[in-house]
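Working notes, beginning with the structure itself.
Order as written gives the chain letters A, B, C and D; numbering starts at 1 within each chain.
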Amino acid sequence: MALSIDQKKSLMTNLIRAEEFNRMMYRRMMQGKLIGFYHPAEGAIAPGVAASTFLNQDDNLSPHHRGHGITHMLSKGIDIKYYLAEHTGKVTGCCEGRSAFHFSFPEHKVYMMSGFIGYNFAPAVGWGFAAKQRQKGQVVMNCSGDGSYGQGRAHEALLMAQNWKLPIIFFCENNGMSIFSTAMEMHPKPDISSLAEGFGMPSAIVDGQNVFEVAEACLEAIARARAGDGPTFIEAKTLRFNEHDIGTPDLSGWEERSEQEHAEMRAREPVAIATKIALEEGWLTQPDIEHMREAALREITDVEAFADESEIARPPVEELMQGVFAP
Amino acid sequence: MALSIDQKKSLMTNLIRAEEFNRMMYRRMMQGKLIGFYHPAEGAIAPGVAASTFLNQDDNLSPHHRGHGITHMLSKGIDIKYYLAEHTGKVTGCCEGRSAFHFSFPEHKVYMMSGFIGYNFAPAVGWGFAAKQRQKGQVVMNCSGDGSYGQGRAHEALLMAQNWKLPIIFFCENNGMSIFSTAMEMHPKPDISSLAEGFGMPSAIVDGQNVFEVAEACLEAIARARAGDGPTFIEAKTLRFNEHDIGTPDLSGWEERSEQEHAEMRAREPVAIATKIALEEGWLTQPDIEHMREAALREITDVEAFADESEIARPPVEELMQGVFAP
Amino acid sequence: MRTITLTDAIREAIEEEMRVDSSVFVVGQDVRGAIFPHTKGLVEEFGTDRVVDTPIAESGMYGVAFGAAQEGMRPIVDFMFGGFSYVTFSECSVTTGQYHFLHGSQHALPIVITAGVGTGQRLANDHAMSIHGTFAHHPGIKVAMPSTPYDAKGMFKAAIRDNNPVVIPWHMGIMMLKGEVPDIGDDYIVPLGVADVKRVGSDVTVLANSLQLQHALSVAEKLAPEISVEVIDPRSFVPFDMETLLTSLEKTNRLVIVDEDWESGGFAATVSARVVEQGFDLLDAPILRVTLPNMPVPGGYMEEYVAPNPERIEAAIREVCL
Amino acid sequence: MRTITLTDAIREAIEEEMRVDSSVFVVGQDVRGAIFPHTKGLVEEFGTDRVVDTPIAESGMYGVAFGAAQEGMRPIVDFMFGGFSYVTFSECSVTTGQYHFLHGSQHALPIVITAGVGTGQRLANDHAMSIHGTFAHHPGIKVAMPSTPYDAKGMFKAAIRDNNPVVIPWHMGIMMLKGEVPDIGDDYIVPLGVADVKRVGSDVTVLANSLQLQHALSVAEKLAPEISVEVIDPRSFVPFDMETLLTSLEKTNRLVIVDEDWESGGFAATVSARVVEQGFDLLDAPILRVTLPNMPVPGGYMEEYVAPNPERIEAAIREVCL
């Protein structure tokens, strides 16, 4: 589905925000200013931005854990400061500082990121089930990595979504790796989307480094889902520039990933690719892009200030006990 | 793979045994002479016979629960009297009367039938893994119903078997039903074996009412597995003449299955089909077939006598406690 | 009042709540055709959008409930046999129990989880396991089990109206148990977290639930000439009504806990430990537990004497009353 | 004797057993590259046939272990974080625990299940859960957890040589704890089912394991001038060494159980209930438990005071010694 210039600009804006937010998270983790772990998104920011920028507030989004879903959430219009505060253990966090790296923005229909890989699939069936019954054209954008498709839960969700023609997009961000393992070794065919064939589900494979190409496929799948024509499988081929999570070695199998692999990867940098397209097509100038980056950096300054100035969450156990059950 | 006359005769013998054993189980359940429940195999006896008759003793077999695996086990050369004794709660049972409808014949590499549908898949990966490492050409015959492929465990096993080229045959006995639900409603494509495509696994669809046709496909898959060429998916289209298990109504969805459905099914009776072929091809006469049936009935008389004459298993709790852990 | 069976009482609760609240629905396997009587006929009244069969895919099936609950619906998910909840146990326990609390207690997750449980069918471990104790181990989930048709209807209604995940299995050994239930139209609930003194006594307290409650009551009746047994039905395991139990112990000073779950890690152990912590001085005798021994539940004829039964309950009562 | 870390001790146990028994192998996710140090370097020595990475498919991964064990191999299955064992929990608990017994005790199932567990990483519930209590609830599975490098090496060796499924997690809070371990070549095992008096005392017995054992020992040291604390490490939960505990109670008559698991349904409750049943007359004070409160384990800064810690252990000791 062809993109308008406004749409392209939105994608560009979010892509730059995503890049800067990821840098900020990486830096803070290294500075000891984040709780738990962080799975850096460098090189892999385009798919989440493309999948999430054109969702409505009342569409469901399950962000991928890469970059801790920030690329997705900021594109959907969620204010990241509440998540950063959460990730810093603060009272102002979106989960009151209880959840470490988890998040929840129910009003945006971003309910959670499970610590268990593949735990997006089954709830997505439930969201799709509810959306279908409601008949308001809502869709479910269900993002996760190539590795998550090892989980049998993926099969159950693909099966049920296709049986019931649910408005779900199975959005696979295939960076070719899960921790140290390669998709080449862990999946028998070159594409994860081969699975869709088994269910007769339409699928598309796109260049995950090109935010516009991914977005076009997403818009098409979203339109299909909104029209009641059922699920789509989209596989965005992307890359993981860094180690799996900060502190873990950067192995392939059990050996360091090669310099050559790194060099080849870094030649496919998503912001550089998008910038080139924007400048060539002429709907942005270099100064426009610099303004976008400045705006992103200002936003991040505010987000960090909010998190850093908030108090550490240390409620007494008795108070916590009150929150175990809903009234 | 073309069958020899000897092979066809073995199949015919086992088919008739399977039919009579299933009748016996049905009768005993109605007489209150079986413990727990029984899932009758009438109409569905050919696939198990075809899948199991040509296995070696050191091949793994996971029998389908339909007919409680008897059609499979008797074809693999297992003496059913120990299972009947088990199913009757006797000390001579294969599990010392502890297991109700479960069974275990480790020396025949039939380890168990889980009460959880789809729990054959993951262990089968382990058997295949062991067989592959041993390099003796052993194969794993992994039988289960169409319904079991709903389970995510099926996906995980297909994935890993294909990744590692394990010698496993995924043998789907598709009777079009799981309890009251139809495969038409519960799977998005006409064939369950569509799943194999997603993994690039070779597959075959055969007429499950024709024991010879199924056996040919099995021999081919077994040969492929023994040669180290990896797994095969075989889908045998079969039928369930009776209710799901004795005592449960015979519904499709929430309505009685129609007389027409029953009439059409019963026109596809596996022993009648095999008999017609045998007589037409001329390698058996009607008296031969009657002798086979008489032999089967004699065998069953002995099996029942063994079970009925054995003592009820009622060991003291202290004795049972000794069996919880292996020495 | 009418006399109906336990499973009919459950069905009435489901039906009535479905009528008044269109967000309530049932999801499971073969719930339309109804493997057990408590979902029989629902599909005719409410249609396939609200009485939903899934493939044999417990995680996906539970996902329908979980996701729909996040979307504001009120699912009742039926696992058929309790053991099948284990097929997707991480979702039922960890993911479910942590959802509300971990995310800042901002979003409720109203799910009712039900299934038939218990010994008596001679089906062995995987079809005979109890699940209440395992769920009660995992925080954020309410756990209850009815012992009478009256309680069944009232507790299922309470569970469906609760804003939390509630695991409420029913025992197959009492599925046809009949009892008095208020007339249709007389709406009532039995609140979760309130125990019930099912028989008043003064020498010893027996805590028992479901099929085991029936056993305890029959033993109490039998022993009445000799020993006055107070029988308490906890009804809920989470939240647990400690007050009713301690009040009884003030009178009897003796406790037998009957629980159709394993000795190791079962709920009976938790009750015993709590009583010791909170009511040590009330005890004139050791607390005894009548539970499943620590072996997989055997099928066949052994089930009868391996599971708790009246003989074992009587023996325990006599022992603490020595 | 040398001084090595807990995870190095585990690796030595695995390495040495793999060298002497070719049926031993490791299966997990990213065990070749080694997320945690205890599998580091194994693939170089033993190759990819015996150090096996699978897709993120816990049921399939566990199936490799389960099926291979039925085939006579001796798998060690590594779940990375303990919580991930829940992803295939029905297989680990029900199917595994029932296999040997239910089928007539004719066929052994030697599987070692391990994973990192416990609080201290601020990762919240799904990455911080304990699993020993849940597994101890399910019969047919041995459950143990080491507290020192010496025990870790010896217990892992015992587990690998055991003919039963053994769940033996290790606590991430002591993964770098150093301790003395016999020299390479000095083969030894620490048998499962034998508790260890880690500190002798006379006023009160504290039962604690793993990270909590370290806490208990430091509290005992601190209180030494006032209260003489005996600290017992159960080491195994199933089988549990009741004798060592009761012997200690004959002397101290007071018991505090520290357990990094929830109050409801955790193993501490089982121990308390058993002591009440078997040693009621030994008790001069209520048994107190120091456990996780019944809430999903929060991440962030709360973890520190929600989990058992030295302050809470000290308070409990003082309370039973009043």
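We take it that contacts are C-beta pairs under 8 Å (C-beta built on N, C-alpha and C of every residue); 3 or more make two chains touch, one makes a residue touch a chain.
Source: prediction; values computed, not measured.
*Asks:* Which one of the chains is farthest from chain A, going by Cα centres?
*Replies:* Taking each chain's C-alpha mean as its centre, the farthest from chain A is B.
*Asks:* Mind checking the centre-to-centre distance between chain C and chain D? Centres are C-alpha means, answer in whole Å.
*Replies:* Result: the chain centres lie 31 Å from each other.
*Asks:* Report the inter-chain centroid distance for chain A and chain D in whole angstrom, where each centroid is the mean of the CA atoms.
*Replies:* Here chain A and chain D have centroids separated by 36 Å.
*Asks:* So the centre of each chain is just the mean of its C-alpha atoms; given that, what is the distance between chain A and chain C in Å?
*Replies:* Roughly 40 Å separates the two chain centres.
*Asks:* Please list all residues of chain B that touch 2 or more other chains.
*Replies:* In chain B, residues 93, 98-99, 102, 114, 116, 150-153, 155-156, 159, 163, 185-187, 320, 323-324 touch at least two other chains, as defined above.
*Asks:* Got the chain D residues that touch at least 2 other chains?
*Replies:* 54-55, 57, 59-60, 83, 86-87, 90, 94-95, 101-102, 124-126, 139-140, 294-296, 298-299
*Asks:* Treating touching as the only link between chains, describe the layout with one word: line, ring, star, complete or other.
*Replies:* Graph shape here is complete: every pair of chains touches.
*Asks:* Contact residues on chain C for chain D in the complex?
*Replies:* Contact set of chain C toward chain D: 83, 86-87, 89-90, 93-95, 97-98, 101-102, 124-126, 129, 133-134, 136-140, 238, 262-270, 272-274, 276-277, 280, 283, 285-289, 294-296, 298-299.
*Asks:* Using the touch rule from the top, collect the residues of chain A that touch chain D in their complex.
*Replies:* Interface residues on the chain A side: 35-37, 86, 89, 93, 97-102, 114-118, 147-148, 150-152, 178-181, 185-187, 248-249, 251, 253-254, 312-315, 317, 320-321, 323-324.
*Asks:* Touching residues of chain A toward chain B in the complex: what are they?
*Replies:* Within the complex, chain A contacts chain B at residues 150-156, 159, 162-163, 185-189, 194-201.
*Asks:* Applying the document's contact rule, which stretches of chain D touch chain B when the two form their complex?
*Replies:* 49, 52, 54-55, 57, 59-60, 62-73, 88, 90-91, 94-95, 99-110, 139-140, 142, 163-164
*Asks:* Which bits of chain B are touching chain D when the two form their complex?
*Replies:* 93-96, 98-99, 102-104, 106, 111-112, 114, 116, 119, 121-131, 133, 152-153, 155-157, 159-160, 163, 320, 323-327
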